[in-house]
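What follows is a pair of complexes built around chain A, which joins chain B in one and chain C in the other.
On to the complex of A and B.
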């Protein structure tokens, strides 16, 4: 039988996805014990015991100096920044993206300048942001907004234009004004597409967050990683990276759940 | 009762003439079917009636007034696809017209006003046979049901003119027969004038009171773009469609099963098609 026709059975389908994870962990384990056998003080690939110990120290023990639980503190600080940044971006994209998508005059006024702005590398203007907005929370949130809003906005404006013109004509023959059509026809149909776009920009939002935290911060997941890097503390960095990955996955998953439960018609239209 | 007058209407895109020198009148409460080959300009003409396109020359008058430059609630429309809103339920789609009219700022009705709108919408939904489906989204409906919904949605505004752009073109023949009957019933019950584009001739003659055939004139083969479509046939359909009174008195179509491939099919009720029918008539 051709390989493209072979289907895994149900047990295989359950086990097969785990295989790569197991292999990665096994490879790490071998490499770690090999290095530690040569040099017990090696810091590059700590074994499971020292990883667990680091997690225990950072997540479940109060810091001796401040009395805080560092990992919890870092997580809250980072998530606050990430979510505020994304919320502001989403709001800007929602309002301007839909207006630009719907109104030809606004489109011809703003489309080119937005295309130009979206090409500015956000990290290149990070110094400007630090100078203007200071080193506090505002600058980190601003970087996330500058990094994600142009993509969201342009994507949404394009999605609005993809709406069948029949729908817009029909809405007008039902007596809708521009505002009413925006409110009842365009916005509700754009919400699920906006959620899709936000899911896609989660990756870059994390990138900008961690960059900003690495450069100037007093807490946060990115701050911690770059702080302990000075001591080669791989036993801290690796769990933090795993934790960030898990948080990113959960955010993506939550957005998907919200989309499916709050906007059931969208999943129907996609044939799911 | 609405009269449409088409005065010397031309449409051209650059050098290409699509429609030339259309001149005709549509009587009140007529059901005009526009037929013709693909690309002959019949849809372009319908889009002009919708104000989606402007005539390059000439004008279209509705009750003596030139057409407004944008779509209005006087002219309802049903397209072949995308006529209903995927994010609204059947009920939501139908009450939307009332919500637009009565809630200028929010576009949404609440309380008593909403209940009254729903009541009227329910009658309309029942009359197009979607009573069981009022909570469903369009994606959960078949193609025929979606077009019924589109009709109900357009009719709640009581348009003077209903414009149909190949509305039943994508439906199975059996379903099409049912929806033809519904369309006739709705047209007879209202006072609206209907203009329908179709490329299905039997459909044109079954539904229309008048059939207009568009065709590009072949006057100059070497310069086909210089000549647009003209009306080559203007046919009054016989027998005349029944009146509202006749329908109230129990009129039914003689051969409603004709379009149903599973039915026996007793032949055509318009004698224009086969010799046998002419002989037996």
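On to the complex of A and C.
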């Protein structure tokens, strides 16, 4: 039997995905104990106990100086920034993407300039963002918006153009105005596609969030990582990285659930 | 499937092997020194480019790689993880990172101390006491925060009276331009640049706490004990370079011009930074400073600062957890856990021409 036709049975299907994780953990534990045997205070690869201890200190104990739960504080600060940024990007993309996709005059006016803007590396214009948006929350959210909105917007405009022209013509023969066609034909079909695009841009949104927090901040997941990096506290950094990965995964999962339950016809059309 | 599994396990094992390779006991012949851009450390790349490093390394039958690391914090982490044998670093960071991380380090050269290179700058305000209640942008847990702590204590304030905002040093100049920024604590050459702004007023600098922010060359103590020749070569290189760059001769000016270029400024800018740096150009000066009573007092202030900020380890019960040893063999802190040593032996050998 060809390997491409072999299906793992149900038990294997459950266990196989865990194998790489177990291997990674085992490799980590092995390397960590090897280093700790040479230097018990080694900071590079702390053992699982000190990782757990760091999680305990940061997540479940109030900070001695400020009385805050640091990990909770950092998570709330970061999620607020990330979600505000993504919400603004999605809104911009929803409005302008559909307009540009539908109206040839707008497309002709804006498509090239948007293509150009989307190619500017946002981190390269940081000093400009500072001067325009200050050093506070606004500049961090701006960075996320600049990093994600052009991609969302261009993607959506292209998706609009992919709509079969028959649909648009049919709607017109039924007497629909541009406004009605936008609301009744285009928007409903674009919502799930926009959600898809948002899911794909989660990765870059996190990237820009962490970069923004590294530059000037008082709280946030990226802030904490860059702060404790100054004294090489890998016991704090590693759990934070795992936590960020988990949060990103959950956001992606939530968006998928929203898409499936609010727009079930789209998932059906995809065959799942 | 099985074959694939074997392959991936092998790859993993190889990765593990690389990460965990323990220190080798075989006699070491080649050594690596990491440096970052700072006025007091620019002599290292210059010495490497002008054959001084090779000359001294050859004399002791070893080879020394002088490696630039772009990011200071990263250079410390790399050294602590074991990627380098020697490192340019401040006294405070030596205690906070390698020493707390269990990497026993010895300072064999006290190169200089900051004598105005680090400064507290207020925007539109002229007195240090005006700092109360302001947000302050600085690189948290760096010497900047130590300087701020010392500055605040002179006007009977503490960190609770201000709001500290961690800001990357590479973005400090741009950050100053925004209206959110009211006060910054930073170091040269950023200080020089900021003070060109009419709104910027220097209200405190490191010349008011002379000798407390030192720039050292540290060597991994285990490496040093097994290879004293490495340290001899390093001090030889250092003081030959000091001699080459000091004074007003054309050769010295040309050396300083090279160093200025390598650090992104010109001769005038570099000489300006040297004016706010007390560079020990002779081993005699450096030995006197290292042996003085002021050094243990400074290290006490520094470790108390680190302890208050939980930088001696989150579980440290007292500032005594780590021991710091001085040339007269007295120890500050736990004598059973000495991880930071000031050693004047090699500087003395140069002073007494015994190399």
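Remarks
Operating definition for what follows: the second predicted complex is superposed on the first by the 272 of 272 C-alpha atoms of A that agree within 3 Å, B and C clash if a C-alpha of one lies under 4 Å from a C-alpha of the other, contacts with A are read in each partner's own complex, and residues count from 1 in each chain.
Definition applied: a residue touches a chain if its C-beta (ideal position, glycine included) is under 8 Å from a C-beta of that chain, and two chains touch if they have at least 3 such contacts.
None of the values given here were measured: they were computed from a predicted structure.
Annotation: superposed three-chain arrangement on chain A; chain B versus chain C shows no clash, the two fitting side by side. After overlaying the two complexes on the shared chain, residue contacts for A:164 are found with chain B alone; chain C is out of touch. Using the contact criterion defined above for the overlaid structures, shared-chain residue A:268 touches chain B, although it does not reach chain C.
Contact with chain B, but none with chain C, is seen for A:180 once the two complexes are overlaid on the shared chain. Look at A:189: by the touch rule set out above, it reaches chain B but stays clear of chain C.
Once the two complexes are laid over each other on the shared chain, residue contacts for A:130 go to chain C alone; chain B is not touched. Of the two partner chains placed around the shared chain by superposition, neither chain B nor chain C is touched by A:107.
Which of chain B and chain C touches more residues of chain A is settled by the count: it is C.
Annotation: superposed on chain A, chain B and chain C show a minimal Cα-Cα gap of 40 Å.
Of all residues in chain C, only 8-9, 12-13, 15-16, 19-20, 22-23, 73, 76-77, 80-81, 96-97, 100-103, 137, 139-142, 163-168, 171, 174-175, 177-181, 310-311, 314-315 touch chain A in the complex they form. Interface of chain A with chain B (complex): residues 164-167, 169-177, 179-180, 183-185, 188-189, 263-266, 268-269. Interface residues of chain B, counted against chain A in their complex, comprise 50, 52, 70-73, 75-77, 79, 81-88, 96-97, 99-101, 103-108, 137-140, 150, 153-154, 157, 159.
Residues of chain A that touch chain C in their complex: 23-24, 27, 30-31, 34-35, 37-45, 53-54, 57, 64, 126-127, 130-131, 134-136, 214-218, 223, 226-227, 229-232.
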